[in-house]
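Some structures are shown below for you to check.
Note that chain A is present in both complexes that follow, paired respectively with chain B and with chain C.
And then the complex of A and B:
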C-alpha cells in the first residue's frame, strides 16, 4: 500500500443498492432456498402435465366436483390454489424475512455494513435481488402451466387474463416481499411472525365480515384475479361469500403503496437497529 | 495524530456490560488491543467500526463519529474475527465485489482486488471457491478484502488466528510493511507474543475496561513468569515433541488428537523455534499453532492481585 489513490465518490443510495443487488443475486439464485422454490413451483407444472396427458388421451374428461371443465378453468384454479394462496405468500415470508436475517445468521453482514453505502441500500439491493430471483422461477412455472393446460385455440381469447395473472403474481411477490423485508429488519423472530401473518391473520381476516380484510395483502392481490374463486373448502366458500372486490386500480395502488411504505420503514429499521453477530 | 478516540465509552447488552467507561486515544502506527476472550475486545472493535452504537459516551475514528457515517468506511479497512464468507464465490469474485462496494468501477475494483490478493499471497488460489480454502487461506482472503481499497486505517480482529507458523511470520511482516507505508493499524489478539511481534504500543483490556496502555514492557516481563501454553497441529506429534523437549524453556508436553500441547516459559524463543521447524519441513506440515487465552488470563489475575 504505497501511493494511496484518490478516493472515489462514495456510492449514492441507488448505486449502493445496485451493487448489493449484483452481489446478492447470484448467491440467492444458487441458494438451497431457491432449489426448494424450484421444487415447489415444479409441482403445479407436474400436475398440469398430468392433466394435459389425461385430456389428450380423451379417455376420461377432466372433471372438478363432477362437472367437466376445460383447460382454461383448471389453469384459473391452479392460479388460485397453488400460486395465490400458497406459493406467493410463502415465498414472500421465506425470502423477505431472510434478506437481513440470513446475513446475520451467516455473520456476513459485517462485510456489507462496513462499506461506504447506506445500510438501507443493502436492504433495497437485496430486496431487488429477491424480486428478480423469485419472478425468474415463479413466472416461467406459470407460463408452462398455462401452455400445458390451455389449448392453442383458446390462447388468443385468454391471453389478456393470462398477462394479468403474471402481473398480479409479480405484484404479489413484490408486496409480500417488501412487507416481510420490514418484518425481517425489525423483529428478532421474523419467520415465525411472517408465518403467523400469512397462515393466521390473513386467513382469519378474509372470512370475518367487515373491514378487517383491508389489513391483509391477500385482499388486494385476490382483487386482481381474473378467474372465479374455487370453492374448495369451508374457508374458501366463506371467503367467496364475504368477498368484496375492490376495483383493480385501487388494488394496484394499495399494493404499490404497501411496497413503498414497508420498504421505506424497512430501510429506517435497518439504519437504526444494531445487529449483534455471534463470533 | 489520533486515529481512534473514545470518551467515557460504555456499551451494555441489556443488563450485561460489554465495555465500561473507556476513555482512550489511539495514536497512528500499529497499536495492539490485547485481552482474554470476553474481556471486551470485540465490543470495542464493533464500536469503533460502527457496527454498534455506544450506550454512553463517544467514539471518533479519523476525527469523525463512526456510527451512521458510512462515507468514513472509504478510509477504513476492517478484517472481522468471524470465519464467515459467501462460500460459493471464488476469492477473487468476493474481494472484487466487496471492493466494488467502496465506490470503484468494476475494472478498478478488479485491479485493486488482484493487487490485494497478491499481497496476501493467494493469487494461485484466487479463482477457487472460498468454501475449499483452508482456515489460513480464509484468514488471508479476509485480509485482502480489508486492504484492497488501500485504507488509511486497518482494523484487524484476531488476524493471525488459524494461520500456520510461516504464514503468521509473513503476515506480521506484511502488516508492519503496511504501517511503514503510512497505514495505521489497530490489531486485536489474545496472544501477547503475537501483538508484540508487531508493536510495543498496546492497549490492555479486561472486564470491559482498558487496564493499561502504552509501551507495556512490564507486561512482557510478567508473561515470562507464567508458563505459556501453545497447541500445535501436526501429523508427527512425537517427533516434533522430541525436538522441542530439547529446548530449555519447554516445561511440559501433552499429546492430543492431531497434535500436541506444549507449556513453555520462553514463548519468544519457542515461537521462533516452531516457525523454523515448520520452515525446515523436517517433520511434515505444521498446519496450525494456537494459544489459549489462559496465558493472558494468568497475567491479568496477577495484575489485579498487585
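And then the complex of A and C:
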C-alpha cells in the first residue's frame, strides 16, 4: 500500500493576504463601485478645468468679498471641502464596509473561507486592495486639480503643502478604510452605521466644544491640513482661533493607531464571527 | 492581474510620479526659499528670534499691500509718498512690492532698550539690493564686517544716539535692529544661543495665531510694563499670561484677540469683565447705527483659561466711512496732498466792434 502524497503546507498569513490582494484589486477596480469613485473624484478635476478655462479667458473664477482668490487658495479650499470633508470619508464608508459585506451579500464568502488561508488574511488582502485602488484614483485626481489651479510659478512655493496634502489624503483613506472594514466585519448593516458615523456623529462632534471631537477620525485628519480652513465671518474666525488642533506628530500617531487597532479588531471579528448567508 | 489593471496602475502611478517630480524640481529650482510657512505652520525665522522674546509680531506685507482694503484706504486718504520714494531711491527697496513679510520681536536677555522691553529685532523676507544698501550704510559712516560668515553692516555713534545693524543673514532675508540684537540673532540661528524656535509655549501660540496675514503674540506683562494698558484697566483685569492678536486683511478686516489667563477662574473673570464692557459699549452706541453694527459683530468666546474676542469690519463699513468723509462728515486726512488749483478760465475772445 503506497503512502498518500503529503498535502502542501497552507500559505502563511502574509502569502494568503497577498493572494487575496491580487484577486481583489482587479475585481475592485472594474466594479460598478469604481464608476462612482471615478465620478466623485472626477468632479473636482472638472471644476478645476472650468476654473482654468475661465481664468484663461481673463475672468477671475472666484471672488471673496470682492477680492480675487488665487489658484493656490482655491486648491486649498477644494482639498478641505471636496476631498477631506466628502470624498475621503465617503470612499472609506463605501469601500470599507463592503470588503466583507459584499461577499456576504453575494453569498461568495464561503468560497473565500473554504480556501486554505486564514480568514483574517482575506480581510487584510481586501483592505490592501482598497488602499491601492482608492489612493491610485484619488491622488492622481488631486495632482490634476493642483496643476490645473496653481500657476507653474507658484508650484515651487506650494510644493510642500501639496505633498503634505497627498500624504494626509492617503492616511485618511487608510484610517477610514480600516475603521469601516471593522464595521463591515462586525455589524449586520454596516453601510447605514458608516453613513451615520460620517455624516452624523463626526459633523456634530466637530462643532461641539469640548473633547468629543477626539473621538472622530476627521479631527486628526484635519489637524494635518497645511491650508487655512476656508472661513467667512466672525464665527469662523473664532472657531479657527479656538480650535485645538493636536500636533502633527500626534495626528499621525493616532491615525496610524486607528489603522492598526481597527484592522486587528476586524481580523478578530472575521475569524470569530459566524456569517449566516441568506438563502 | 489583467492587462487593463496593469494599464490603470501604470497611468495612475505615472500621473503621481510626474506631478511630484515636477513639484520637486520647481521647489528645488526655487531654492526652497519660500517654503518656510509650509509643512509647519510657524515661520522658520523664529530661529533668529531670542527664546525669551516678550512680543513677536508678523505681517505679510505682500498680502496686505495687495488687499482690496489697502487699495480702498489709499484711494480714501492718498499718502504723501515722498518719503517712500526717497527710501526707494536710496535703498532700491520698494516696500509695497519688494518686501514679502516681516517678523519682529522685542525682548531677549540683557536687553534694556525701550521701556523695559529690550532691543527690537526685525527680520524681513523679500528682494533687496544688497550692493545699494551697503553703499548707503557706508555713505552714512557705517562699517561692514564679517560676523560668523554673515555680512554685517553697522552704524554707531560714540554718543550712543545711534546703534543699529543690518545683516544679510540668508539670500532674500535681512535682520535689522540694535547691534547686540542682530549679533544674537545670528548666534541663535547658528546654534550658539537659544532661539524662539525652542520655546515650546511661544511656538504653540505662534502656530495658533498663524492663520491671519498679520498677528502679534505678546506676554501680557510686556504690554502692561510698557504702559500700553491704562493702570485703571490693569487693576481690574485678572491675571493674563499671553495675548494673541490675529488679523486677516482682505476685502475687510477680521480680527481675533485671544488671551490666555493664569487659571480657569481668571479666564472666567476676564470673560465677565469683557461681557460687561461689551454691554456698556452697546448701550452707549445704540443711537449710532454704524458703530452699533460694528459692536454687534464683536463675539466673545473661549473656554477654560482661554478668552477670545472676534471682530469683523466688512468692506461695506469702510465704504460708509468713505462716503461720510466725502459728504463732509469727517475732516479730510491731514497728509492728503492739496488739490491742484484749477487753471484760470480763458478770456472770451474779444468780439470785433
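Here, the second predicted complex is superposed on the first by the 255 of 279 C-alpha atoms of A that agree within 3 Å, B and C clash if a C-alpha of one lies under 4 Å from a C-alpha of the other, contacts with A are read in each partner's own complex, and residues count from 1 in each chain.
Here, a residue touches a chain if its C-beta (ideal position, glycine included) is under 8 Å from a C-beta of that chain, and two chains touch if they have at least 3 such contacts.
Bear in mind that the values here come from a model prediction, so they are computed numbers and not experimental data.
In the superposition on chain A, A:116 makes contact with chain B only, while chain C stays out of contact range. By the touch criterion stated above, A:209 is placed in contact with chain C alone, chain B being left untouched.
Look at A:164: by the touch rule set out above, it reaches chain C but stays clear of chain B. Shared-chain residue A:22: touches chain B and chain C both. Contacts of A:108 after superposition: chain B is touched, whereas chain C is not reached. In the superposed model, A:9 lies in contact with chain B only, and not with chain C.
Look at A:146: by the touch rule set out above, it reaches chain C but stays clear of chain B. Contacts of A:36 after superposition: neither chain B nor chain C is touched. Of the two partner chains, chain C is the only one that A:156 touches; chain B does not reach it. Annotation: chain A residues 22, 26, 30 touch chain B in one complex and chain C in the other. Across the complex, chain B meets chain A through its residues 13, 42, 49-53, 68, 70-76, 78, 80-82, 84-86, 88-89, 97-98, 100-105, 108, 119, 145, 147, 150, 152, 178, 181-183.
Those residues of chain A lying in contact with chain B across their complex are 1-2, 4-5, 7-11, 15-16, 19-20, 22-23, 26-27, 30, 106-108, 110-119, 271, 274-279. Taken together, the chain C residues at the contact with chain A in this complex read 1-2, 4-5, 8-9, 11-13, 15-16, 18-20, 22-24, 26-30, 32, 34-35, 38-41, 67-68, 208, 211, 244, 246, 248, 250-252, 254-256, 258, 297-299, 301-303, 306, 308, 310-312, 314-315.
Touching chain C in their complex are the following residues of chain A: 22, 25-26, 29-30, 64-67, 132, 136-137, 139-140, 143-144, 146-147, 152, 155-164, 166, 209, 226, 228-229, 231, 233-235, 237-238, 240-242, 248.
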